[in-house]
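Each chain gets a letter, A, B, C and D, in the order it is written, and its residues are counted from 1.
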Amino acid sequence: MTDEPITATLLISCRDQKGLVAAVSDFLYRNNGNIIHADQHTDQEEGVFLQRVEWELEGFDVAREEIEATFKPIALRFGMEWALHFSDYQPSVALFVSKLPHCLYDLLGRWRMGELRGTVPLVISNHDDHREIAESYGITFHSLPVTDNKAQQENVALKLLQEWDIDTVVLARYMQILSPEFVARYPNRLINIHHSFLPAFAGARPYHQAHERGVKIIGATAHYVTPELDQGPIIQQDVAGVSHRDSVNDLVRKGRDLEKIVLARAVDLHLRNRILVYGNKTVVFD
Amino acid sequence: MTDEPITATLLISCRDQKGLVAAVSDFLYRNNGNIIHADQHTDQEEGVFLQRVEWELEGFDVAREEIEATFKPIALRFGMEWALHFSDYQPSVALFVSKLPHCLYDLLGRWRMGELRGTVPLVISNHDDHREIAESYGITFHSLPVTDNKAQQENVALKLLQEWDIDTVVLARYMQILSPEFVARYPNRLINIHHSFLPAFAGARPYHQAHERGVKIIGATAHYVTPELDQGPIIQQDVAGVSHRDSVNDLVRKGRDLEKIVLARAVDLHLRNRILVYGNKTVVFD
Amino acid sequence: MTDEPITATLLISCRDQKGLVAAVSDFLYRNNGNIIHADQHTDQEEGVFLQRVEWELEGFDVAREEIEATFKPIALRFGMEWALHFSDYQPSVALFVSKLPHCLYDLLGRWRMGELRGTVPLVISNHDDHREIAESYGITFHSLPVTDNKAQQENVALKLLQEWDIDTVVLARYMQILSPEFVARYPNRLINIHHSFLPAFAGARPYHQAHERGVKIIGATAHYVTPELDQGPIIQQDVAGVSHRDSVNDLVRKGRDLEKIVLARAVDLHLRNRILVYGNKTVVFD
Amino acid sequence: MTDEPITATLLISCRDQKGLVAAVSDFLYRNNGNIIHADQHTDQEEGVFLQRVEWELEGFDVAREEIEATFKPIALRFGMEWALHFSDYQPSVALFVSKLPHCLYDLLGRWRMGELRGTVPLVISNHDDHREIAESYGITFHSLPVTDNKAQQENVALKLLQEWDIDTVVLARYMQILSPEFVARYPNRLINIHHSFLPAFAGARPYHQAHERGVKIIGATAHYVTPELDQGPIIQQDVAGVSHRDSVNDLVRKGRDLEKIVLARAVDLHLRNRILVYGNKTVVFD
């Protein structure tokens, strides 16, 4: 992994128009860009165009710090929303967790293995249970119990996120509902794992709901958080078969494996700038 | 397949009690039964016991026509609900279909290949489109358009089902909602395929709902029909991955493959007496 | 489906070079092409670039019959292997089948439903069993038994394929091994379904091999046929879980569902010009 | 989990005979056993019968220490191979690992969460890399580099396993081939994870093999180790879809998630006494 070349990535979305691909590819070609990955999507119904293009910085004729300014006229011409990312930038990720630590353990293990393109300096929990594991990874841990004054707790959390310059917040089985004000601070940078294949079994106790309904398949869903509970843009889903033999506890146990894998995939895709959001949907260029 | 031995199958459900398995296995052992398949399940929460046991008729000390009477005392002792089936009985299946014929084609093909343990003498549709295909299989086809008087249409259908001595009705993408009166006539013998992974996207146009929501997985669900629309006991479900590249038409196309396979599995399990229903759930002994 | 616009599709493969995407997108842009689908892939290790681009004919400034000549200079400049397809062309497909008809039934049903972008005028079998079903679809059926002189049988088959102007041959559970000479006549246009997840269980009786080995998953593989048995480029694979409860017959039964779905997907992708072959691999732009 | 009742479990295999189920269920019924789980399987071809039955100790008329002696006559009558397990016994598990720690992390996390029915007192590696993580879990870590004298290294390992009274050895991506002598010491108690869907891609570098072959699905296989490399009885397998977009590194990355989940499931099933081995196959009563 260490000898991967440093790359720049453009994420673009705009109204679908002729000449978009030509303009972007011409920009890269004229400046001698060696394209590593390119993918695009047109939503014909909505008339929306989305593109991801990644190229090597080495050999590119535009200096890293001038790429933004050089591309800007093209973006303006087509009315693009766009973002530019460099692969050697390590975004800071904060993990929120409650009692169940399997997603926390899983993400920390991946981070230690160098699997995540980012750093994890901060874990916040509404309990104190997982302080030891966080600190054994050298990570700062804050327990912020949720009392009557939830707004206050969130303010403390927000202050910590600012202090630590956090880019992305991951709710790794954090069982508190965040206020719209909190959510608004991390648009498309706040990822949650819900323990059902949404939109089935939104809300509380999805495995109990699933058991009650007698489904033959359970699932997990990673999504960006929006003010509407469990309604945000879906990033990843996965499912597993179950049968009458499975008690609620078995569903919970099997579900944990889904949750941690689905959440980790979503976080990985997010950190590698593989996701574009439009309307209430994601485009995942994997 | 032709040389499979003829078997008897007991399907049992009752309140969980000690001695149930011992009593049934003793009954078979004393009468020299050669067990082919046995499976049981205890729902600990509900205190319900369910069992399926299948044994060869050849060599069994109780004559076929006396098995029922011989087992009855055991059933009474434990307060069992039970049913006895013989593998050489070929139940009659009627298929209901509307415009989309993929499930119809699939089931007919399986029937012709000898894959289904049953016969298909009757196809009913609210359109006339699939008369030719049904008749090319030598099957009687009735088109019963749904007019203002739906009750009347259902009555004609019910009369046909009686005339043809139909055991099981399969709604193979039949897009009419049946009345509670109709449904009540085929309890646990009326199978529907719904084109979503229920309980997500119940009701109309599930693929449109799925596309709108931006899910990454679509599904299909075969279930017994109850008066509550799309709420009956689930028999089988399966899913397939989708992405932003898939239009509603793509979901419809991919979904068709799920629908026909899931429905066919459910029908097969039903005809081989592998399903027990209790509460609003199924136990599938596959 | 009927009101889908008529499109042109370019399939391109060549040595990876800078400016490829720019050249193709510029060609389309200058001529006012409305791109419907575009995808590309660079195999970094092999240094191979592959692209698929599809655009609407309506509004394109180059007349349909001149597109080839107009694009040729670009293709020559980059040393491209390329093909141009129009979506209203209906390729002719011949189906080869032996005893087991589930793939035959499935493909014919799809064809009748208008699901396949192509026509099926011809079925060839080494048995006479499926004449009736083929003819009920209005398709010419030839039974060509394989005797001592296999070369002769293949020659008759080849003559039929020529007579009927067949583009693509689908081996829908055809259990004869075709000679290298035959195979060479339909490079990347001869699709087989193998009833295992290749490369596991190549050769004869894969379900028996799978049962013997005690695997927990079975599969099916659709691939282009090459002279090396079961070694050609893989197009599609799918799998299903099995357990100790499954006898060889159960594997065969479950496997049939995999086979027909996997084969149909491969045929559909092929007919919609979604597949590129390079080396012994496929790139599937789905 | 803590308030689950203590249970006894019988694992039985023998030649298929009439009266087996009756004898076992009668034994439990006469002694007032409350059955929690019962499952059986008859391999009709091999004439082998296998059973698992689990019942609550509380209320059972035979004292825990006398169950073995009380059941013995039945076992002798039918020529059973059998084992008796109690759910409050915590078997000792040793983990072997080489460079890649994802399976190690995953199993340790599960252990800490109380998910595994067993303890993990010992980690052995042929490298020193993972000492810190093991020790942070309070586990003894031994690095035993493999030098020219492999037999010696294995002897040290075997001595450690004896000292620590290890029941089960888990090769959590341990990349050394163990000698037949070592393997023979842990029959059906030595679990390996192989990073392919065996029997495809046995041996070294399976992801490279998979990439080379151009498969559309990769997998992982947990199996008991036998002297024949990668040929032992398969416990669990799972797969994931891949495409031309996936480099070898992507396969490795995606495969890690399969490996850790599949291995953990196999270890869990093993520790909960859910697996019976006969011939070269497993019966998994899950």
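Basically, a contact is a pair of C-beta atoms (placed from the backbone, for glycine too) under 8 Å apart; a residue touches a chain by one contact, two chains touch by 3 or more.
Here the structure is a predicted model, which means the values were calculated and not measured.
A.B. asks: Enumerate, in label order, the chains that touch chain B and chain C alike.
C.D. replies: The shared contacts of chain B and chain C, listed by label, come to A, D.
A.B. asks: Report the chain whose mean Cα position is at the greatest distance from that of chain C.
C.D. replies: For chain C, the chain whose C-alpha mean is farthest off is D.
A.B. asks: Counting C-beta pairs in contact, which chain pair has more, B-D or C-D?
C.D. replies: More C-beta contacts join the chains of C-D.
A.B. asks: In whole angstrom, what separates the CA-based centres of chain B and chain D?
C.D. replies: Chain B and chain D have C-alpha centres separated by 37 Å.
A.B. asks: When the centre of a chain is set as the mean of its C-alpha atoms, what distance in Å lies between chain C and chain D?
C.D. replies: Centre-to-centre distance between chain C and chain D: 42 Å.
A.B. asks: Touching two or more other chains, which residues of chain A qualify?
C.D. replies: Counting only residues that touch two or more other chains, chain A contributes 44, 245.
A.B. asks: In the complex, go through chain A and note every residue touching chain D.
C.D. replies: On the chain A side, the touching residues are 1, 101-102, 105-106, 109-110, 112-113, 115, 133, 136, 245, 249, 253, 256-257, 261, 264-265, 286.
A.B. asks: Could you list, by residue number, the parts of chain B that touch chain D in their complex?
C.D. replies: For this pair, the touching residues of chain B are 18-19, 21-22, 25-26, 28-29, 32-40, 42, 44, 241.
A.B. asks: Residue numbers of chain B touching chain A in their complex, please.
C.D. replies: Where chain B meets chain A, its residues are 41, 43-45, 197-201, 213-217, 219, 233-239, 243-245, 247, 279-284.
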